[in-house]
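Order of writing sets the chain letters: A, B, C, D, E and F. Residues in each chain are counted from 1.
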């Protein structure tokens, strides 16, 4: 059936990604690369690239399963997914590089900086002030790097 | 002195809630009660009530600060807030009663069951399968209690 | 290349699983079902089955990615994998149903009860006594259910 | 050899405990049993007893190292230690049986119920409302079992 | 309207703080600023200040709710509160900047360095050695910065 | 009195360690030093040394209880113990210095780099991608420092 899926993709010209699929890439991988690029620009691909000499399958899983299957599902839009991810990583507290990546990701898919800040602030009620403060510190870094300003009308 | 605060509110006509504020309730408390009712129906008020003989201030904080100040802010709609909360509590893994309450809360503010399931599933990528599986088990309980069915069109 | 993989499997008769692959099952899914059965007997399949009406893709991901890709890799034997999983779930502390499943899983793939107990005890040094105590309580349940005795020669 | 250790202790008159040390018990074990009894009454000893057939060394470590060495140190009084433990277990969120045991322990060593409640409430600021709510629920159980009432003068 | 609240407070003579309340500050905020200064010297105010351009309400919540309502309650003295906070943040493990702040805070409100070290050491039994080791590393930094020595008489 | 204990040991000929025990060292401490050296080379001893002026007992506990009693038990070989520890610390996510130490430790006791990578990758399924990614980043550091290459034959 995977043959069928691939065949269907090819027949239907479902291959809309700008970058042609490399030999050996499953349709989920191709889809995942597209979504990864939408969410992270080129930084996600760099993370995957950095895994090549030590744990390339981890990189493949992130693209093919994480982005290609989980995050690409149409049941929830990418903006909501990224806000949920920012909230969850803020609450967990131990995933700072990934939280920073997804604050960027949320901006990339169209979330307003005010929404991102709001989600991180809300986590104070569910995971305590330290988690929120550390999340806001990362948002501040990201916003400064990108020249984003937060509109604080009361 | 809280009566004085309330007096100030009344004078300023800040009191827009349908249910009249009890004596000694700050405007944030009144706002919080409204939002708590929208999110939890009557179950949140029961949790607060259950704290009266042991930790009433904790109940007041949840209403006045948590719901009156944090969750009531207009920068993010309640639907997104509830999905973020469901995601974060799923990822944390140790807050099962509250996760169940917020799966109900998400339904109460208009989230589709498919969206709730989607958020819990997405957490597999960020917090692992056990967190997602335990979240789905609670969603299954809630949906069964409310007669909600999940529309699984592929 | 995936076509190549599948072709190779078919040509080489790599399909050794007793249960024939249902239509629509990828080779990874078939491999995952095999490994899931080795680790969990029939209980893992029941968990997957229980997800059918609410989050069937989560079940598929567990089988196809979790067991078919991650756990089936030959770089580490199943005995070591299960001991590592028992240790990690003990340390995390919030995944009790899954910890119980993997204590069973460790026995199923040939770990000695003494080894399982040892791993859970070791977690006291890395995650504290409460995590270890709650893990041992689950091991005690599992061993009682299966009539397993722990050989405590000093 | 442990008999040799005990012999040394006896010769040096280090044995001040009311209950005579069983054969093979180190001075730290004897001290730990004393402190365990002060903190938990007889319930801690029952936990240790329950480990005898599966992980007796874990029980010995809890008594000998945990209570005999860590908790028995004179640098901090038992009341403060128990309040700190109640706070930490509330914040961790995954150690409910142990949190319940230490709410009892705090009462046993002379903490006022108001102090215990206060510590659990304070954790809302550092670990979020769910952690505090689940801690208060356990305190409510313990206080009900012991007929303890909380004095809530404003 | 907050001006109205403040007006009520002023009329009722509730304003006992040395530093005059700025326009728009609630009595809880004024109380929180006092407690924040007692616990953190000027560093807490700097954290709050750093939030002004991105998440000023988070700063207000920390002052008004966290310090003004939770930490200022008279049911527990500040020394015990700070030791509990140091213990909880050590156990959580993901809140290093806040743990460092509260090691300083504990010293500021009169805890002895030996007591702080003792609490962090005790967490080894409840959250494992890594949590304790990372907490001690921070205490070592703080003590070095302040020229504090730990009195290690056996 | 510890001298008394040591005397008993010496009389009983329990002292089999190559390095003579310093005055005041229990047999468990001596055993722990041996195991610590096998696992960490000289780096563990440096950690213990760094605790001397602030929390020397924590260092003693790590050697005497952690390595001397827990990790030295013969029921599980050191290779498996280190892989389990690497997995658990990866999953916990907040113990990065210790995770790095145990990636080194795993290599020191004979684990292959491929096995270490495999354990860290496996944690993606149980604790999410961020935990695995941060673990792999540390493994990459360690392998680079030691000139270790990972053999990635498919």
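The definition used in the following text is that a contact is a pair of C-beta atoms (placed from the backbone, for glycine too) under 8 Å apart; a residue touches a chain by one contact, two chains touch by 3 or more.
In this text, all values refer to a predicted model and were calculated from it rather than measured experimentally.
> Give me the set of chains touching chain B intersected with the set touching chain F.
A, C, D, E
> Identify the chains in contact with chain D as well as chain E, in label order.
Both chain D and chain E are touched by A, B, C, F, going by the contact rule given at the top.
> Check D-F against C-E and say which one is joined by more contacting C-beta pairs.
D-F
> For C-F, which listed pair, A-D, B-F or D-E, repeats its interface with over half of the contact pairs the same?
D-E
> Between chain B and chain D, what distance separates the C-alpha centroids? Give it in angstrom.
That gives a centre separation of 35 Å.
> With chain centres defined as C-alpha means, what is the inter-centre distance between chain B and chain E in Å?
Centre separation, chain B to chain E: 28 Å.
> Using the touch rule from the top of the page, what residues of chain D touch 2 or more other chains?
Answer for chain D, listing residues that touch two or more other chains: 57, 61, 65-66, 70, 73, 89, 91-95, 98, 117, 121, 123-131.
> Would you tell me which residues of chain B are touching chain C in their complex?
92-94, 117, 120-121, 124, 128-134, 136-137, 139-140, 143, 150, 152
> Please output the residues of chain D touching chain A within their complex, sorted ascending.
Residues of chain D touching chain A: 91, 123-131.
> Per the contact definition, I'd like the list of chain F residues that touch chain D in the complex.
Spelled out, the residues of chain F in touch with chain D are 1, 4-5, 7-9, 11-12, 14, 27, 57, 61, 65, 69-70, 73.
> Over in the complex, which chain F residues touch chain E? Could you list them?
Listed in rising order, the residues are 47, 50-51, 53-58, 61-62, 66, 89, 92-95, 97-98.
> Applying the document's contact rule, which stretches of chain A touch chain C when the two form their complex?
1-3, 6, 23-24, 26, 57, 61, 65, 69-70, 73
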